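Two complexes, one shared chain (chain A), two partners (chain B, chain C).
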Partner chain A sequence: MTTQERKRTLRSSYMGREIFKNYWAEAHACKEQGRPVAWCSGNVPVELVHANGVYPLYPESYSAMIAAQKMAREKCERAEGWGYSMDTCSYFRVSLGMEDDDPKTLPFGGLPRPDILITTRLICMTQYKWWQVLSDMWDVPIYVVDAPYLGLGGQAQIQRHQEDYFIDQLKGLVAFLEEHTGKRMDQDRFLEALALSDRAAELWYEIMGLRKSRPCPVATREMVGNVFPLVTLLGTRPTVDFFQALRDEIKEMVESGQGAVPDERIRLALDNIPPWHDLAFLSSVEERGAIFAIENYTCYAWGGRIDLSDPWRGYARKCLDTWPAYSIEERIQIYIRQAQEYHLDGYVFHANRSCKPLSTAQQEMQRVLLERVGVPGLLLEGDHADPRGFSPAHAQSQLEAFLEMLGA
Partner chain B sequence: MGVFWDYVPEELIHAAGFLPYRIMGSTENISEADRYMPTYVCALMRSALDQAVKGRYAFLDGLIVAPMWCEAMKPLYELWRKHAPVPWMEALDLPGTTEPSGRSYFFREMDRLKGSLEAWTGREITPEALADSIKVYNEGRVLLKRLFHLRQGRLSCFSSVDWAQVVLSSMVMPKEEHNRRLAELAKALEELPEDEQENGPLRLHLTGTIVVDLSLLRIIDEVGGAVTSDDLYTGVRWYWDLVEEGLPPFEGIVQRCWAKLPCSARSMPNVRLGQILDMMKLGRSQGIIFLTEKHCDPHTFEDPLLKSWVEKKGIPSLQLDTELALRGAGQVRTRIQTFVEMARMGEEK
Partner chain C sequence: MSRSFQRFREVVEDRHRYAVEWKARGGGRVFGYMCTYVPEEILYAAGILPVRILGGHEPQDVVEPHIHSMYCPFSRDVLGQALKGRYDYLDGVTVGHTCIHIQQAFESWQFHTPASFSYLLYVPACLHSPHARSCFLEEVKIFKDALEEWLGHTIPPEKLERATEVYNRNRRLLHQLYEIRRQDDPPVSGSMAMEATLASMFMDKEEHSRLMEDALREIGRESNGRFPGMRLMLVGGENDDIEFVRLVESLGAAVVIDDLCTGSRYFWQEVVTGADPLAAIADRYIDAPPCPTKELEERRRLEHIAKLFSDYRAQGAILVHQKFCDPHQIDLPAIQAYFQERHIPTLHLEFDMTTPVGQFRTRIEAFLEMVQLEIL
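Presenting the complex of A and B:
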């Protein structure tokens, strides 16, 4: 998230910053104009929400921002005081813990109340239960987009009946949205949203590809901020414009051999959601000539190409193709390829206790990567939003030892 | 045949000629699994993997893990397959919803399981064999329900620990043999007079995931309580619903799994509230103990909500954070004892 104010490497990242600010501000404007606002959990098929004229708000992203602004701890503690275990996802605790806050004290005036709630099981069960708590709190209609689990038995191929099931779920979401807006979804608008989403993904993948260059033009810390429109604003024009500008600038850097870090010697990858409460941790390696060149968080969570010749099927495939759906073996295969293509020296696994789907297989991945291709990994205990789950001093010394081992 | 979690249809396994054996982890210390799984995964998953890696399940010919909507279950399955392979293993991808939209997917996946089992054994599982297995398993369920009711008036000779042993053993013993013993037990119980109404234990409902550590139940018995109803995955959710015998056998088996008291991971909390209240009525329960299994998201999210709802109804409740194996027994005893005393005082008012 582009919130911890810091000089950015890229001019166009400031464009992303504007999109980010407008996104929260516009939510309030919508509410005032009577346009429905939906609170959506991560990976809710956002193109459909936009295409139905409903404004999708992502409390998860808001929690990440609160964490980046160093405000998460008190919110977590408040939610715990209401009986919620410290073991529940910290995005949830941060979000719940803001309920009694005066909106004026919160960034962008807090979140406007939801008119409807939408969640999905695509990436985790946590959201499904979190949204039930919201449903009780706000007493508004809720829709759950169910999703099959892929990757059983080590095969991640999406089978046709799984696609069919998910297409039904998507169409159910459309019916739910239509019921709420009282209007039929405009098919042209839907197809346009898919085309814009696909274009955004195409640009995004190109950007990710450019980061294979040595030196790497842009590091993880900046890209986990720039990924924001891929989460919330897929299917809209400004996202495409932004990614185009970003791509152009990064391409230019690569062509002129410019890197984000002077004297780049060590290239790392980050596995898992970043610790939003301490993004400086990620850039701290740069003083030693190291860079986080790539991260699975921006590559395999949101966005994806859509086969527009078969829109519903293409859309379903895109939605289903996400990191939590991959088997452990598939994740390892991806990293073996990635390590080679991005010239990586090591992996930093953020063992994020707030996110089981991303964290449970890390020990296995770490071990196998070392055994099979000799790429070492460091497992760091942490949490995506709750700073209490992360010990900066301890993590820093572990990271430094790791860098030393890699020859920094 | 190992059965991991309560959506695996036992009748199918039985009809294929195997003994269904429910995997419930162990109260033994977890030592090996920590190499593969972080400690913020629930103790059941970690313990099951731990036992598997230690070779404690070496007697298994096969293993079925379901459902995958629980997000620790998928890595468990993959890690188990890799580090302690069982000759034949299957996992089920069941829809995580009770909405009608998921029904045909649910049936399709169960059908795939049947096909996979048949392909492995090289033997067809016939409708006749399924019908016979349904009879055996329904008989077991009917007997457990009968005992559930008979016990209600005879708590003095049938403690919470005894009852848990009866139910838990039904998950691992040969069913025909278990049914015979249940019938004997029911007969013996019927001959006993009912307890006096006065001075009985405080009747409690137990809600949570699975209870395999009997020491927790022993504490409840010892401080003047008795578990008279539950909605546990090692309790009512396991045995309460029957297979409808009028349907084609396989359809009946799957329909039972589809429609039975749902796991919290696929249902809204008000569904569980309904189960709790219904069961409390049958058990004439006076209070509720929430056993919130650490790191089990459906329950850690839902329990504070449910607790606030039952409090509004004036039902005394206690919430305990638990793990597969009881920890801090002294403190747990004090809390349960205090709760039992407070609830009694409330009753007397």
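Presenting the complex of A and C:
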């Protein structure tokens, strides 16, 4: 079965699928109607983009889809032919490698060209170097939302001047957006976007909490698809509606004791972005009564609660609080709690060549989790989009050996 | 080779001994720092010797359980040296935030062999942002506060001013040394200049400046009298591989200028003194020629490289960076395109800390032949 045809556990996941399809299709409609389109990198404060009536498009998500459709390799090779090293992020190479493609050969007719470019330093450094390349290539205006690196955890908290700096960056983004729409941002629309974002996060956290149940109602493979609106459509009504339906259905399953995997015996967590080109790898464990019950990619990368009583500060804090901003010790502490709350038997660490911010300190976490709470981890080398960075046969045999060790 | 240059070489080769002896002499404290964004003037003003943590270049097998092999060899080498106890004499370790590679090296260092004072200083990435200066100044103030608390005394403004003078003087002297390389027949080779610059990162700046003054006098007297060969520029990131520069220069070329964080970028910008000594120091790091991680929109770096290339009348460029260094890797095609449009030959080499540079010989020879054809 292909990624698209696979049967989902939850009815509401099909609602997510519709949102996903409409999202790409609408981008072209916007372009035709003359509504500005912005290419945004992951973790750009997207609520502001929506509140200003600009359509945010995420090339990284598009690259992930290209990988899931097994089309990534040729795109990567093309970008490498233009001088971009194979060591750089494969989202970047896939996206660049589509430059000369006939849009008709691409899913959803490709990505429309942006009117503006928005990126951030919040989570990684490839993004802003990538956007610089795009800005050069197309001569399109660019705005970078700078963000302090925080190393949060223990005594390290977000400091007032760091929040202030970030708020200035957010307000700079508003000015940039207003310049390109020719309209002032509607404050009510901004506040509404924040409220919708906060509500989406509240529902999302509830969903994540429900996955602590035994058996686990829904597995990683399905949830890394369902997280899509949390990345791209925060601050909009359909996201809230979708998460509400998802929450209701999952809650019902938990209350009636239904699990995604019959006879669940082993519970795993995935660390890092999944290998989009081989999602079947994640569900392969289910044949042995194992399930990926949780993953940091959906819990700590996107979304977050916002203190609406102090909108700008609350918004800044939400944006700054993200996995790549956590110190090694903080990541370890989170996983220790997670291992206990989610009744985990093991961790699978995807050592992702293409995402260094999420691969940082994986060995430290693997070792300390075993030492402090006795939860073993498997380290698998791979790549989130470039299939050449991942050896399925080797990974599968490592995973099977790991499951055997866990008693599956 | 003159005595001063000999001393530079000794210090570079035996940097740990220098630091340990310095400590023994005056009982001062020694701090290691990574990258070029830690305002060293503040440490110096506190009576601390700041030493840059650079490559150990020795094969090691201790980092595999801590840092992936997809991280740059330099960051792995840095962590390896800490785990092997090479830097046990340090009282503090600091880094000015740049890339994820060095960030992990620093954090794992802190995690396994914590120094008495350990500090990651945030440096804005959008240096051109109207708010970057005030944000960085605040970061620098907090860093200074933390340092003062650890020291148990304050660092008065006069000491900051004095440290600034010491640092600016050293920067001017290194500039003078570079200036000499503009000549048709530069009496100072690229490897000598590199040794002098690297030594400055390890030595007490006043001592280094005294040696620099001697060195500049000595250079004035002697001419190496050899055909300088092709004039080359080195462009890239962390590269403290003197052997590599020696190899290039032994094959009929002279490295006359560089844009490396281990070369000109380290000292190019002076502190422009003003009413607030701390703000003046902080501003210097915002205005210095940027690392690719500090360049997000317009290509200031390219402009700077182009100016140096033309001022020093280079004829070709070798583009070097550490393997896996994504910021440099992504900048590379833009830099290559710039040179290509001007018919300037370039050679691109990826470095590993323990690969013998000799393996580059054939490629460099072929490149030099090409440069020769281009300029004839």
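Note that the second predicted complex is superposed on the first by the 399 of 408 C-alpha atoms of A that agree within 3 Å, B and C clash if a C-alpha of one lies under 4 Å from a C-alpha of the other, contacts with A are read in each partner's own complex, and residues count from 1 in each chain.
The definition used in the following text is that a contact is a pair of C-beta atoms (placed from the backbone, for glycine too) under 8 Å apart; a residue touches a chain by one contact, two chains touch by 3 or more.
Please read all numbers here as calculations on a predicted model, not as lab measurements.
In this overlay on chain A, chain B clashes with chain C. Contact with neither chain B nor chain C is seen for A:Arg247 once the two complexes are overlaid on the shared chain. Applying the stated contact rule after C-alpha superposition, one finds that A:Asp146 touches each of chain B and chain C. Of the two partner chains, both chain B and chain C are touched by A:Asp87.
Once the two complexes are overlaid on the shared chain, A:Ala361 sits against chain B and chain C alike. After overlaying the two complexes on the shared chain, residue contacts for A:Lys75 are found with neither chain B nor chain C.
Shared-chain residue A:Arg331: touches no atom of chain B or chain C. Shared-chain residue A:Gln132: touches chain B and chain C both.
Where the contact sets of chain A with chain B and with chain C meet, they give residues 82-85, 87-89, 92, 121, 124-126, 128-130, 132-133, 135-136, 144, 146, 148-149, 151, 161-162, 165, 168-169, 172, 327-329, 351, 353, 356-357, 359-364. Residue ranges on chain A touching chain B, taken from their complex, read 82-85, 87-89, 92, 121, 124-126, 128-130, 132-133, 135-136, 144, 146-149, 151-154, 161-162, 165, 168-169, 172, 324, 327-329, 351, 353, 356-357, 359-364. Put simply, chain B touches chain A in their complex at residues 35-38, 40-41, 68-72, 74-75, 77-79, 82, 91, 93, 95-97, 99, 101-102, 105, 108, 264-265, 268-269, 292, 294-295, 297-298, 300-305, 307-308, 319, 321. Touching chain C in their complex are the following residues of chain A: 82-85, 87-89, 92, 119, 121, 124-126, 128-133, 135-136, 142, 144, 146, 148-151, 159, 161-162, 164-165, 168-169, 172, 327-329, 351, 353, 356-357, 359-364, 367.
Of all residues in chain C, those touching chain A in their complex are 64-68, 70-71, 97, 99-101, 103-104, 107-108, 111, 120, 122, 124-126, 129-132, 134-135, 138-139, 142, 292-293, 295-297, 299, 323-324, 326-327, 329-334, 336.
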